[in-house]
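Below are two complexes that have chain A in common, paired first with chain B and then with chain C.
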Partner chain A sequence: MKSLPVKNLIRKPGRTAALMLLTAFLALAVFGGSLVVLSLRQGLNSLEARLGADIIVVPSEAQSKVSFQNMFLQGTTGAFYMDAENLKRVREIEGVEKAAPQIFLASLKADCCSVKIQVIGFDPQADFTVQPWIAQSYARELGEMDVVVGCKVEAGVGEILRIYDQRCKVVGRLAATGTGLDTAVYCNLDTIRLLLQAAEEKGVSHKVTSDSAADQVSAIYVKVKVGYDVGRVNTAIQGHTRKASAVRTRSMITDVSDSLAGISRTVTGLIGAVWVLAFLILLIAFAMIIRERRREFAVLRLAGMSRRMLSGLILRETALCSLLGGVLGVCAAALLAFPFATLIETALGLPYLTPDLRTVALLAAAAVAAAGIVGSLASAGAAWRLSRVDPGTILREGA
Partner chain B sequence: MLKAENVGKMYFRKSGQANYFYPVRDVSLTLTPGAVTVLTGRSGSGKTTLLHLLAGLLTPSEGKVYWDGTDLYSLPDAALSRLRNEKIGVIPQGRSAVDTLTVLENVQLPAALYRRRMPDAAPWLASLGIGHLAQARPAELSGGELRRVAIARALASEPEVILADEPTGDLDDENTERVLRIFRQAAQAGKAVFLVTHELDALRYADFAYRMENGCMTPCETQMK
Partner chain C sequence: MKKRVFAWLTLALALVMAVGSVTFLGACVHEDGSFGTCHWASRALLGIGILLAAQSGIALATGHAGAYLCMAFTAALGLLLPGTLIRLCGMATMHCRAVMQPAMTLLNAGILILALAGFLLETRRAKRGTP
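Let's turn to the complex of A and B:
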């Protein structure tokens, strides 16, 4: 009788709903938790890719204020400058293969956007970190007043972005990184210098170390030659530059991955606790329900159901019920996790990048399967105990 | 043909004088096709226990129960269950409807379990006076109506043996008469009918009658006219 489990579920809606809710919680915890952990991992990977340099040289004040790191992690704007002389010095150091300057500028609340955005100017000739990424969305070279925007900047391709009253043409949009760079705007050095000047005219003072805007940079991305020790080169750079400090990107990422590991552990612990709890509750719930239904099951045996058929019925019923609960839980988790991704990101202050659809689908399937398996396991014990008793004994009880 | 040879059932009791107890002791009984066998006896004398032993629902501590020469309890569970499904119609004491099925689905349950052709339940329900309740759910029925649903379930799948445990317990005189007549007709159609009852009226329909006392079964007078 194929439809008997279905009938049992439909015609006892209260009981079914309660069991479904239990398994839904289980799936919600598993799916939601893993999604958060996975997104954080993904964010870290993308941060690593975006940094793309061995050493980054920034003004000492930027280092001390950790504003550089925040720029990457939280998307706060940063504007700090050092003498462009430093670039030359870095290039002269043995072991430095490439050194690429960037200039930062924080916009006012632009007309386009509700938040301040970070403008990053890079040198197309020297750059080795930004362009490969930009090339994915805009294959040609950036012209004067051309900008490429991060995925969270509300401006479409072809639109004009006004920064300090300068008209910048959006020529491309970047893929999401989950880092602070999603709110950044990229342009070449000429453009950023124009923008700096415009800002100066607007009375927004930028700490300039020399008279000319051409003589300042905000950060220098350094790639170390193969065979050279990054630590040694870092020390050399430290010694040869003025009012600047060299940061190994590895140490930045280690900071992030340390807090990531902490959060991962917490979330994993929580998931584990929910699992154990939900499993215990399911175990008790199924044991109670099957106990309560002993007479019903004995009647089925009396009508000719074998032990096997009865166990099959119980398993089908609980598997169906807990799979449905699992789907419900995954849907609830998705409803919570996706809209609140930004909230989670800002709350944790870590790069957060939702994995691609395939991974999410796989994760969802795994969570549903887990709910189904745990539900079935929980009832299997009770079903087995039931099958050890002669139906005659059960029928006599409280007849 | 269903036959019990020296069956007994023993339980260990945690309290009481002796630490073991025989609700049924050394009973031999053959249920003849075409005959109604009635078993009476005081409450607690072991009638239900014997019926369950005969139905393959309770493993005996001693003795054997045979179906056409094969020992019921030596069969694997699947075979025993199938045999019970096809050959034995059991009407247990007390409620025995599956709550999530309608009256009609309950009656057709044995056939549905093994995907046999559904028996036509309507005439059975009608002859038991519950034809109008076919689509009702057990929760909406009275005790006597539920009794008759169980009877219809046992009879509708046309088993060779019918084992009924106080089938008229909740019924009024008119319905009792009706049910007893139906059992009589079933016997006339060649089935072996075993009736456990307090109803002395049943003795009027009995070909064989037994009395149960403290687990022991002895023959007694029928009142067949």
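Let's turn to the complex of A and C:
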């Protein structure tokens, strides 16, 4: 008797497959949708952690072109420069705890790939944003022509990357951040200045405004002292720097957070709509199937099966079918969400970082359980009603 | 049709692979109009797709277990092509890495599983002596 639900499911493969597909659709919507929303949240947290500064000072042109924000979010290349004098001025402002420069360079088509790559030069002595991140994968100091690559640049440790015909040795690969920073290459200031020079020699002008690349920086990352108002320090920086804009990282994160909230609402709405629709379809489908099988159940009742046993049989059958469908749906969602994570990230244009395995496993288990519960609930009413009807009446109806 | 369900499915996937490798699942042309190795990987996948479609056709017509086995080996080769045997672009955000590689891996893995299932089914049928 225990194997009867399984036998029933095998006996009618078409019906079982149709019900499984319905619940698979439910699980796919829940698991896939939640995974995307979770990955976006994780990406936002990662962006917050990676920015690490309270204020970022960039040339006015970078701010107006929105190229700076796109560099972080979508990994687009950007090269803009301002007078390094601004760094000294920022450091002199009251309330500034640390100020670290970075120099950006957009490579030509690098030999590793067919796209431009962003090269970011930082000062290891002053830096407090990139260095802690790099230290996770490369503990030593970066030497001349040593580079560390983001996780989306396919170059292994020890490989040589040719940037503007200069041989740069890859000494480390960074952990994923889910942001545009994953497509960048990092080096120290000496290396980036050599690369800038090489670019100029190759006739690629990066519109460096001074005669010497040493007098230029692309961005200044500022950490505000505890107890000082970030807004006031930001205003002071705006007043003391030339041809530069100070951007509060909080406002950048708020912009991303707003976009994420919009996407979360849409995804949640879609999941809700799919669930309501699928639940209604399941309700109708189970009612029809149980009605169609009334004579079969009546025979079982006459064979000595109690009402409770009959309801249990129907519930076990639907729960099994729904759980299998749930597993199918989760697998289908995983097959789409994981291999195409980069495509999803690019399409959304927002930081996207897949959660760890434990979270994914919990999410998958919850989606399968939800599909099983919904399937069982949808059939519970029809099963209860059927168990109340007199089997003799059912059999006489068909006579 | 029911008897050769695995061959029909592999035929459908092989056709998606062949058409996709030169259209929506293929590698992009670089900004300067040049071709990278990923372009040749997509061309090789076109060949694998056509070969798999032909093998599916043979499996459909004859139901021979050997046709399924050939298909499994070809799909395994298809699995290794993008990224392992032929290097793709170095940036994970490029179309060949973000779309072509995962899509072709899924298609080849699907064909491999279906072909093995078809092989087992046809071998069992041959042992039983049922056509």
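In the analysis below, the second predicted complex is superposed on the first by the 399 of 399 C-alpha atoms of A that agree within 3 Å, B and C clash if a C-alpha of one lies under 4 Å from a C-alpha of the other, contacts with A are read in each partner's own complex, and residues count from 1 in each chain.
Everything below uses one rule, namely that contacts are C-beta pairs under 8 Å (C-beta built on N, C-alpha and C of every residue); 3 or more make two chains touch, one makes a residue touch a chain.
Just so it is clear, the structure is predicted and the values come from calculations on it, not from any experiment.
Partners chain B and chain C fit side by side in the overlay (superposition on chain A). In the superposition on chain A, contact of A:153 is made with chain C only, not with chain B. Judged by the touch definition given at the top, the superposed model places A:367 against neither chain B nor chain C. Looking at the shared chain after the overlay, A:35 reaches neither chain B nor chain C. Across the overlaid complexes, the C-alpha centre of chain A sees chain B and chain C at an angle of 70°, to the nearest 10. When the shared chain is aligned, chain C comes close enough to touch A:183, but chain B does not. Put simply, more of the residues of chain A are touched by B, taking chain B and chain C as the two choices.
In the superposed pair of complexes, A:20 makes contact with neither chain B nor chain C.
Of the two partner chains placed by the overlay, neither chain B nor chain C lies in contact with A:324. Applying the stated contact rule after C-alpha superposition, one finds that A:340 touches chain C and leaves chain B untouched.
Between chain B and chain C, the smallest C-alpha to C-alpha distance in the superposed model amounts to 19 Å. Chain B meets chain A in the complex at residues 48-49, 52-53, 55, 57-59, 77-78, 80-82, 84-86, 90, 92-101, 105, 109-110, 112-115, 137, 153.
Chain A makes touch with chain B in their complex at residues 1, 4, 7-8, 11-12, 295-296, 299-309, 390-393, 395-396, 398-399. For chain A in complex with chain C, the touching residues are 75, 109-110, 112-115, 117, 151-155, 182-183, 335, 339-340, 342-343, 346. Residues 30-32, 34, 36, 38, 88-94, 97-99, 102-103, 105-106 of chain C touch chain A in their complex.
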